[in-house]
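Multiple structures are listed underneath, in structure tokens.
Paired with chain B in one complex and with chain C in the other, chain A is shared by the two complexes that follow.
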Partner chain A sequence: MSALARPATAPAPPRRRSSGIRRGEGLAGWLFTLPVIILLGVFLLVPVLMALWVSFSDWNGNGSPLSPSVDFVGLRNYADLTTGNGLAERNFGLSLRNNLWYVLLVVPLQTVLSLLLAVLVSRRLLRGRGFFRTAYYFPSVTSSVAITVLWLFLFSNSGAVNAILGRLGANGPDWFNEPTGLWAVIAGWFGMTQPAAWLNQGGFLEVTPWEWLQGPSIAMFAYVLMAVFTTSGTFMLIFMAAIQNIDPALDEAGMIDGASGWERFRQITLPQLRPALFTVLTLGLIGCWQVFDQIYTGTQGAPGKTTLTPAYLSYQASFGSQQWGDGAAIAFILFVIIVAFTLFQRWVLRDRPVSRRRIRAYQPKAPQGGAAS
Partner chain B sequence: MTRHTARGLVAVGALAAVAALTLAGCGSGFSSGSPSSSSGTGLTSSKKPLTIMIGSSGDAETTAVKDAVAGWSKKSGVSASVVVATDLQQQLSQGFAASAPPDLFYLSSDIMAGFADNGSLKAYGDLLKNKADFYPSLVKNFTYKNRFYCAPKDFSTLQLVIDTDLWKKAGLTDADIPTTWDQLAADAKKLTSGKTKGLVFNGEYARLGVFMAQAGGRLVSADGTRAEADSSQNAAALDYVKKQLAAGTFAYAKDVGAGWGGEAFGKQTAAMTIEGNWITGAMSADFPKVKYKVVELPAGPAGKGTLQFTTCWGMAAKSPNQKAALDLVEYLTSADQQLAFSKAFGPMPSVQSAAAQWKSDNAALTPFLAGAAYAQGVPTNAGASDVVNDFNSQLATLKSSDPATILTSVQKNLETVVKK
Partner chain C sequence: MSAVTSSRRAGARAQWTRVAGRILLYAALVAIALVYIYPFLVQVSTSFKTEADAANDPISLIPQTWTIAAYRSLFQNSAYPTWFLNSVIVTVFVTIGRVFFSSLAGYALARLHFRGRGFVFAGIVAVMAVPGVVLLIPKFLVINQLGMYNSYVGMILPLMVDAGSVFIMKGFFESIPVSVEEQARVDGAGAFRIFWSIVLPMARPALITILILSIQGSWNELAHFIVSTSDPNLMTLTKGVASLAAGTLGSGTQYPLKLGAALIMTIPIAVVFFVFQRKIMNSSEGAVKE
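This part shows the complex of A and B:
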């Protein structure tokens, strides 16, 4: 949710050269944005800065973090999490492992699915478009707590999902109690049950290579399915809005040129969806790294700590173990991770100049009005 | 464009700094407003009303506590209100951080140390008039760094619960009630048939710990200063459980599709389980047809052993009216009041003077009270609950892992905890 508030933090820039009649505009601009700046400052920026301070302090949860008895401890909380060799480091490593796999599965799946749904319901030929739009959007407007409870029932040992799997002759796992990694389960089908010895030694953040590699646990995978189910509707709306902005004339021009349906989608529609794609990927990425309410209402990190996420760990360290410095430090490492991922993704999706090889293909032809714009 | 954004950010940052300073002012304002936390035996005293925060198991408990507090209010003339927390630990943390905690609250032994370390708690145990009446093992549970922090409000122990119908069906008699590990294994084997496992319990330290206690092991030494997880006694206990799990006569609750031992027991996928006295409520509510009886757990190589769990009445260091709060605690922990609580929602009284009456009221549950004599508390060091959580996550796969490896990692984690 906080992600949606982000764009508002940059105030409307005043005109640089103030001359004559426009002189008062800068002041007026600040005046009009002041209420929002104050609101965001008090309820967003100040708490964030206080949390930043807590992450560098030894505040223990008693009284105000700004009282004189709280000391600055430098990077000790961060060191505790990254080089402490203790339980704090292992928990943090496990939570990163869990959430990384969650992101790697949820973000592509939800993007592809929502794009597919958007293309489907945007077709003019489809009957009852309104119904499908509402149906797909419905999970997004339902509270995540309600969906989590629903999921716990559906995926319980004797739940609907296992009943359906049973009808198909498969023996469903006990989803939310199964700590085995997804890749480890699949490897098990091929008879690979014991990992090589070197995979169980050493490791990053006190988590062995085997633990990093075995993927999301079955329990986490149930959460992956849930996230895809709930968020696809929202992102479908974003894609739909973008698709409606595309001039149908472009598509027709493609048809006249003899492009197939897939070619028109790939070469005409998709490139124009890039801004929407960036929005969806960024929001999806941020949402996935912040996953908390499902975990809090559902498994609380169990089984075998495989659904522990940094956001939940931060809460648990603070409110559960009174390690407020550690909790705040986790939150800020998470912040850095999200920013790094977003920057990387922005770099991948940047507008590239058309390569020389590509442009040559267009040059011999007569310039066509549609393709140039 | 970038320059503008940068300028804007600087302005916003400056504003935030001003706001932060303002808040800092507020912060110190709060703490100077409340009475200074007194050291030693001094208790604060004022005319302020008391707030009592509880984490309730249901309406029966809420009503019983509210009635008891109202009765005390009438007697003492101090008004007091009971607040039911939805997430007790979180709401306590918020109260302490805001310097406005409830005066009295439920506090379980495994989270006490964290709050004691940050100075949120008043150690009032030694001021209690009925101090000598509490079971010594409970007093030890709430003694941290040589200070008796709070009065235990009640407690429970784990014992063996047996399904009498399945017991008879397997051809077993009262003479077969297990008193040793070998007998327990033999009985479990006889009781295992089809979907029913002999003994089912949750795959966590809070259940497997009884075997460690019976073998003479523990996680942290009795005085809380040494980690003892990797002892040969603990390894023997886990080896024993692992062997039975592999044989299929013992099982974890989740392996038979149950949420906890009591559920498996009620559904008769378990012929025996290891649970506390709360199982009686669950059985009469959900599985009234299943007949059962409670017996003491068998003795291990080092004799009898079990675990006990307990909660105390925590008192906030920043409470403005600790004198009245202490009086209320003495009232709530009196034998009569605890027997009334026991009747209303089933906990075992924490004072020895209530034992005789409780035994005659609850004849079938006496083994639970008998456990008080030899029960062992769970580790109470700050950060120990994280270690136990980690231990639990490893115990979940005990069947396929090496007990010694598990205990070594627990030992390593505990060593950093006890040093604090």
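This part shows the complex of A and C:
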């Protein structure tokens, strides 16, 4: 950005290309950036273009996708996934259902938890601050493979989680083998076991309304808990940094005005955490739509395809079933979904002009009440 | 008189509330810390248990009978040492490449004036926006096309450049004063000379940041190795342990073995974390402050 603005605004240095002490800078600049440009070009730009071609072709994995025997099939792969009425469409629909619920649960949970942790460990008079920070951050540094292995053990039928639930008198499920949806399980506690008939008819992307609505399977929910466990530390650091930058005088002013702890947090701290909140939500959203490692290491889509995600399905369609066109098309649809969600969230969190009601609330009621200005 | 005692009583009550609040706060913090740490303690102890013990008592932290059977079979009956070695090779080369290329490009983008600089930077930012998972199939296509499939080159080269690291380095170089370099330039030093012997030593904090990110990123990488290799001799820890999780070794649940495998793989990254702990905790603070 500054690079674009410099010629107009910066007083020094004028661009003399062939003389003076800046001689040779143009060449050096290109030489310095060349490795990055080449590698990003070859392993990022070219691949994307090639995959775009594959998503419009009938390439089946034999030979090169650029060979003349591979044909252009237009939007057929995309149509397969969205209106094909076949297995491809149903798998894709299920993967979207699974991942959507994953996003809807993980993003709010990890954001709230990491904010809470950051607020707790940012208190000025806290003994053992370093210990608590380290403890909360540690799960974030481990690899998703190692954590998944641990999770498969903890949440196995005879695992630690069920052992603890058992001591509390509850009967834990066989987490990673339980395809029933979370909301369906909860509805079952209240005696609702059979969905209304209309919920089993029709549907979107070959997935019935009941399947959409019953929520993430218990297996997927175990992944939700894992994601919250491993990401809250990272996001805690982002919030901690933002909290550190808040002027303590503001909080003290609120205290003098007699605001309670919660009011101070809600009215003084939280508004200033907006940029951090924005970062955390964006990173969370992008990350949550890309679940792959955990599924590959763990359940590979089972039980009952309830842990299938678009990323894993894309891999499976290509490397497993040799449906490369479908696989590439899923990847691009996923890309569009991520961009769309990010834009939507930007729009929701945009800077809004303060409403008239809010302004009135800030207006001093008595002549001496200037603290709220 | 009565007003004084009542106010004193109110003061005592406020004091009491504060103490109770403190106790509650610490209790909550300790409870959460327990939830975050306990799984790893269970992992350590279970890896020293027998399989029956692991199934019978999954929450105890002390094995009924200590055994290193899991580790022995890991190192004798599986290719674990090979996986470990491959992970080390990949991590070392990727990190050297990333640190060098990112700082080189970051410096050029921050300090050197050349035609098309804005364009290059915009391109790098655009690349950062592409989600990695979307690139799974594309990367395979290119690696295959270039004949790098099943080779260290195909495993290492694509990971060597990271747009995010370039971004961090550029930001850092823009934050340090330009005067020292100008002096060197007047003295007739070339661009690379200035970069190598003057600027780079000043960039230590940022270099450590991308060093940590790179070690962690490449050591924990899985997806890229899935699409760039199929040769068992090129398996890394992530891929190997993932294959163990799917249960390709022996019979039974094998939990001690799997947890031991995951534990050893976590140790190097935990060491990096504890060595640079202060830096990790402070770097994000400093980075945002500026």
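In the analysis below, the second predicted complex is superposed on the first by the 322 of 373 C-alpha atoms of A that agree within 3 Å, B and C clash if a C-alpha of one lies under 4 Å from a C-alpha of the other, contacts with A are read in each partner's own complex, and residues count from 1 in each chain.
In this section, contacts are C-beta pairs under 8 Å (C-beta built on N, C-alpha and C of every residue); 3 or more make two chains touch, one makes a residue touch a chain.
In this text the structure is predicted, and so the values were computed from the model without any measurement.
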item: First, second, both or neither for A:Gly24, with chain B first and chain C second; value: second
item: Which superposed partner A:Ser158 touches (first chain B, second chain C, both, neither); value: both
item: Partner chain in contact with A:Asn200 - chain B first, chain C second, else both or neither; value: neither
item: Contacts of A:Ala135 with chain B and chain C, given as first, second, both or neither; value: second
item: Partner chain in contact with A:Thr83 - chain B first, chain C second, else both or neither; value: neither
item: Touching partner for A:Ser260 - first (chain B), second (chain C), both, neither; value: neither
item: Of chain C and chain B, partner touching more chain A residues; value: C
item: Partner chain in contact with A:Pro35 - chain B first, chain C second, else both or neither; value: second
item: Contacts of A:Pro179 with chain B and chain C, given as first, second, both or neither; value: first
item: Residues of chain A that lie at the interface with chain B and also at the interface with chain C; value: 13, 37, 40, 42, 45-46, 50, 64-66, 158, 318-319
item: Chain A-touching residues of chain C, taken from the complex the two chains share; value: 25-26, 28-29, 32-33, 36-37, 39-40, 42-43, 46, 55-59, 101-102, 104-105, 107-109, 112-118, 120-121, 123-124, 127, 130-143, 145-146, 157-158, 160-161, 163, 166, 174, 185-186, 190-192, 195, 216, 219-220, 222-223, 226-227, 237-238, 241-242, 244-246, 253, 255, 258-259, 261-263, 265-266, 269-270, 272-273, 277, 280-281, 284-285, 287-289
item: Residues of chain B that touch chain A when the two form their complex; value: 1, 4-5, 7-9, 11-13, 15-17, 19-20, 23-24, 27-28, 30-31, 89-90, 93, 96-97, 99, 111, 114-115, 117-120, 254, 257, 382-383, 385-387, 389-390, 393-394, 396-397, 413, 416
item: Chain C partner contacts - residues on chain A that touch it in the complex; value: 1-4, 6, 13, 15, 21-22, 24-30, 32-33, 35-37, 39-40, 42-48, 50-51, 54, 64-66, 117, 120-121, 123, 127-128, 130-139, 141-150, 152-154, 156, 158-160, 163-164, 229, 233, 237-238, 240-242, 244-245, 286, 289-290, 292-293, 296-298, 300, 311, 314-315, 318-319, 324, 327-328, 331-332, 334-335, 338
item: Contact footprint of chain B on chain A as seen in their complex; value: 9-11, 13-14, 16, 37-38, 40-42, 45-46, 49-50, 60-68, 86-87, 90-91, 157-158, 174, 177, 179, 301-305, 318-323
